[in-house]
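The following block contains the structure, expressed as structure tokens.
Chain lettering (A, B, C and D) follows the sequence in which the chains are written, and residue indices restart at 1 in each chain.
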Amino acid sequence: MKQSLFTIRKNESLTSTVFRMVLEGETSAVTGAGQFLNIKLDGLFLRRPLSICDYDENTITILYKVVGKGTEVMSEMAPSVSLDILTGLGNGYDTTKSGDRPLLIGGGVGVPPMYRLAKNLINEGKKPIVILGFNTKDEAFYVEEFESLGVEVIVATADGTLGTKGFVTDIVKSLSNYTYFYTCGPEPMLKALSDCTTTSGQLSFEERMGCGFGACMGCSCETKYGNKRICKDGPVLEKEEIIW
Amino acid sequence: MKQSLFTIRKNESLTSTVFRMVLEGETSAVTGAGQFLNIKLDGLFLRRPLSICDYDENTITILYKVVGKGTEVMSEMAPSVSLDILTGLGNGYDTTKSGDRPLLIGGGVGVPPMYRLAKNLINEGKKPIVILGFNTKDEAFYVEEFESLGVEVIVATADGTLGTKGFVTDIVKSLSNYTYFYTCGPEPMLKALSDCTTTSGQLSFEERMGCGFGACMGCSCETKYGNKRICKDGPVLEKEEIIW
Amino acid sequence: MVNTKVTLSGITLDNPVIPASGTFGYGYEFAEYYDINMLGSFSFKGTTREPRFGNPTPRIAECTGGLINSVGLQNPGIEKVISEELPKMREVFHKPVIANISGFSVDEYVYCCEKINKEDQVGIIEVNVSCPNVHHGGMSFGTSPEAAAEVTRAVKAVTSKPVYIKLSPNVTDIASIAKACEEAGADGISLINTLMGMRIDLKTAKPAIANTMGGFSGSAIFPVAVRMVYQVYEAVKIPVIGMGGVSSAEDVLEMMLAGATAVQVGAANLVEPFACKNIIEDLPRVMKKYGITDLNDIIGGAHK
Amino acid sequence: MVNTKVTLSGITLDNPVIPASGTFGYGYEFAEYYDINMLGSFSFKGTTREPRFGNPTPRIAECTGGLINSVGLQNPGIEKVISEELPKMREVFHKPVIANISGFSVDEYVYCCEKINKEDQVGIIEVNVSCPNVHHGGMSFGTSPEAAAEVTRAVKAVTSKPVYIKLSPNVTDIASIAKACEEAGADGISLINTLMGMRIDLKTAKPAIANTMGGFSGSAIFPVAVRMVYQVYEAVKIPVIGMGGVSSAEDVLEMMLAGATAVQVGAANLVEPFACKNIIEDLPRVMKKYGITDLNDIIGGAHK
């Protein structure tokens, strides 16, 4: 965990409610895909946790959906504004278990962490299949970005306006030759995936957070391996340990 | 009273702790010298009351001393920032009672309202004498501005580093041919002036304010003419009504 | 179209938004700035038998998200309120008003309520039991179920108008006090009054308020207010007027979900003179956002 | 040079800044980020007899100037705290720590305090009486002078270390409870624990916290905390540890002027992981600004 100031370099809309923000600053605390950062916003007491979509030596990219006060304020911020951010939070995905052909399944605002994860897996010489689920075409984002990584991308929309009509689970059920799965998205989707996947996998969870770095026990959950803090021992849990 | 947005046009230091801010906006609610405005600052619950030093059709000038959180934040504001301000607050000085040669006595941050008052009196064909009191030369401000109005300006500093050594009361006691007095400054100074002046006069008071426009009774004082709210029935009171 | 009308003891308000006592004077201060007839009602400054200057100044101290006041019930006394303030109010506000009555003995409450009961401008009498009881060791009437019930019974005996008891939050068990008032005949409960708070001026090392302590209110106290409204709604069947830190249309909805039939706005008026107007104008938009067509549908909604 | 050393029941702290229980884990989480030996002491997570998972999630809700938590005393239970956490703490913190003990019956307090009393790492036992008393209708021990005194007496009988009773602010008369604890043998008073608060999620129309209500803390509650520390300082002679909303060196001075000998920092740690470090480093500057050379000179200074 590191606390430092970042400067907004880009802040642009991808859909009517989803934005991409590129932040410049000290990124040394970020150690892998699936981690998150925690942003302090003026006038709001709690920091806002957001997944890291991508990063390099001096920038971090996040994708966020406007759902309340904090994300609304963020969507109105201009480049060059600086933000107090905690980085290097959370365990992140473990890529060593992926096998050759892991599935990466992102639903809605669960899509962002899949991007860096896909990149890392490709770098490790693996052939991930990326499945992205959205409600409708207008809410879809980052499809091209995933495609330009050179991976196979399958899109599902609930209303069929883009890609396959249906849920990501419909697609997962139709696949058989995958070696592992990684996912992030709404909890009902995670549960459904846990049920319909035939391999082990890692699932990333959300919880209301007091601190985001393990101090308050605000985000605890019970697992088969004992109590865990989503912020510190997660947000990524293994399929086998989860108690639904 | 009017609520509107003003844009900072200038914000510059006059001494190490006193700043001048020029605000552009709708000034129609301001009706005279001695009134004040009430500024909303992000993150602070109460507005900050500050006297109007001068104004024209679309700007208001205030002079403020950095004494706490609010004024500190203000001193760091850049031009073009906009501020939510209530204008047209307070009764202001009544110039009809001044006679030909009124004394205007400003002490420290009580100096600002004297500036517009001097201008108004001059416009009305009167010959005000301005007495400005400071602790020391380094804390003096606006002496030249008063001089360039063409009025007689007498400065007193407690340590004698500028003008006469001593207090404004020493100067007032040495004068006899004045017709009335107007003053603003620390309460001990107001009290001393009330005692040593030989004419009627008007004194401007400060009090902790909840609202600044007469709603909360936070700023009340007892006078010989009944209870008054400093913010609405004041800040200017007549010498005769004050109960010390 | 959405419905914002709510009803308190037979009095229908165009909307649930009511400026809280002590933060809206007698209304005419605000009537200079906007037509206050858009308000659901308003609760005028707390009235006592005798005229009161109140406490020494400084009476105001700033806090994170609020302020402390120790105005100390400054008011011209019941006779002058009736002879001078009510007629002035009538000119600017044409709906039933809420008369906020305070006292330091049961007799004083009775005296004031009996007088104000005769005024047809007054729709509801709001009895503030947060004041210290001079006959019983100075603890406020609002801190014991028995004392609060005693005031309620005494006041009910001399009035024909609906009586709402306004409770202090500085208590261990707000529900039992509300229940005692209900059993003693109260027509409704108003809550919360201010939390007792204190600040110290570092420059002088003395209390920032001349009277040492004062009443803390503003958005900072909202979570305490929501909790107490929720608890009182569970404990009583009479309507609840909720207040404490309300400063937006969203806050109004949250108070109503907790159990409030109407909502008062206090400290927000002081720093945002158009607070009530803005909230009322914003209500329909926020109701639509959350799929609410009739405010009556959400009263106590969080209890389901 | 300024003196920031203060003494609690014979234990001298390098400075009065102490992270509050439940917001600093067992210290080692923070020791990864800075050397926590700079702290005056720290109060570790509330410990109960049995291991507890605590309440269902969501356990956190945001408020203006603070948060509500309903963690519900998640902890591994006294045996594991002693066998696993204390040794880990010892590696990163070399001063006496404050052991925060909770319970749902007098027996449970006694059991835990007796155990923890044997640990020489523990300098002070802080007994949190805000938990509901399962044997007496669920009201917390901290809401009645008798119950608080009973816990105090029972605990004192089995410990040789200084016992500080940590009081709940959700009471009518904090001073009488503090006095009862003093008379029952308490060596000091810690206050305040969280205010009971509640938020409702407008999207779901349900309480934002799974457990309906929770403990509200953060800068919003500071004026209530200062007031209670002031009242308790007047009522008792034993030292007071003040807390509630402290988030700056200025706040530390204000608490001490109100009567605190030492000051705990809670919610601020969660959003500002370096809060305690920053406060400690800023203390000398702020002391100089207000002309303070020795912190001991200002304890209770606002009472003069």
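FYI, a contact is a pair of C-beta atoms (placed from the backbone, for glycine too) under 8 Å apart; a residue touches a chain by one contact, two chains touch by 3 or more.
Fair warning: this is a prediction, and the values are worked out from it, not measured in the lab.
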Other chains in touch with both subunit B and subunit C: none
Chain whose Cα centroid lies at the greatest distance from that of subunit B: A
Chain-chain pair with the highest tally of contacting C-beta pairs: C-D
Distance from the mean Cα position of subunit D to that of subunit B, given in whole angstrom: 47
Approximate Å spacing (C-alpha centroids) for the pair subunit C, subunit D: 33
Separation of mean Cα positions, subunit B and subunit A [Å, integer]: 57
Multi-chain contact sites of subunit C, meaning residues that touch two or more partners: 61, 63-66, 219
In subunit B, residues with contacts to at least two other chains: none
Category of the chain touch graph - line, ring, star, complete, other: ring
Set of all touching chain pairs, with the criterion as stated earlier: A-B, A-D, B-C, C-D
Contact footprint of subunit C on subunit B as seen in their complex: 1, 3, 40, 44-47, 86, 207-211, 213-222, 227, 232
Subunit D-touching residues of subunit C, taken from the complex the two chains share: 61, 63-66, 68, 139, 143, 170-173, 195-200, 202-203, 205-207, 212-213, 216, 219-224, 226-227, 230, 245, 250, 253-254, 257-258, 290, 298, 301-302, 304
Subunit A-facing residues of subunit D, complex: 22-25, 29-30, 32-33, 45, 53-54, 57-67, 69, 71, 74, 218, 267, 269-271, 273-274
Residues of subunit B touching subunit A in the complex: 42-43
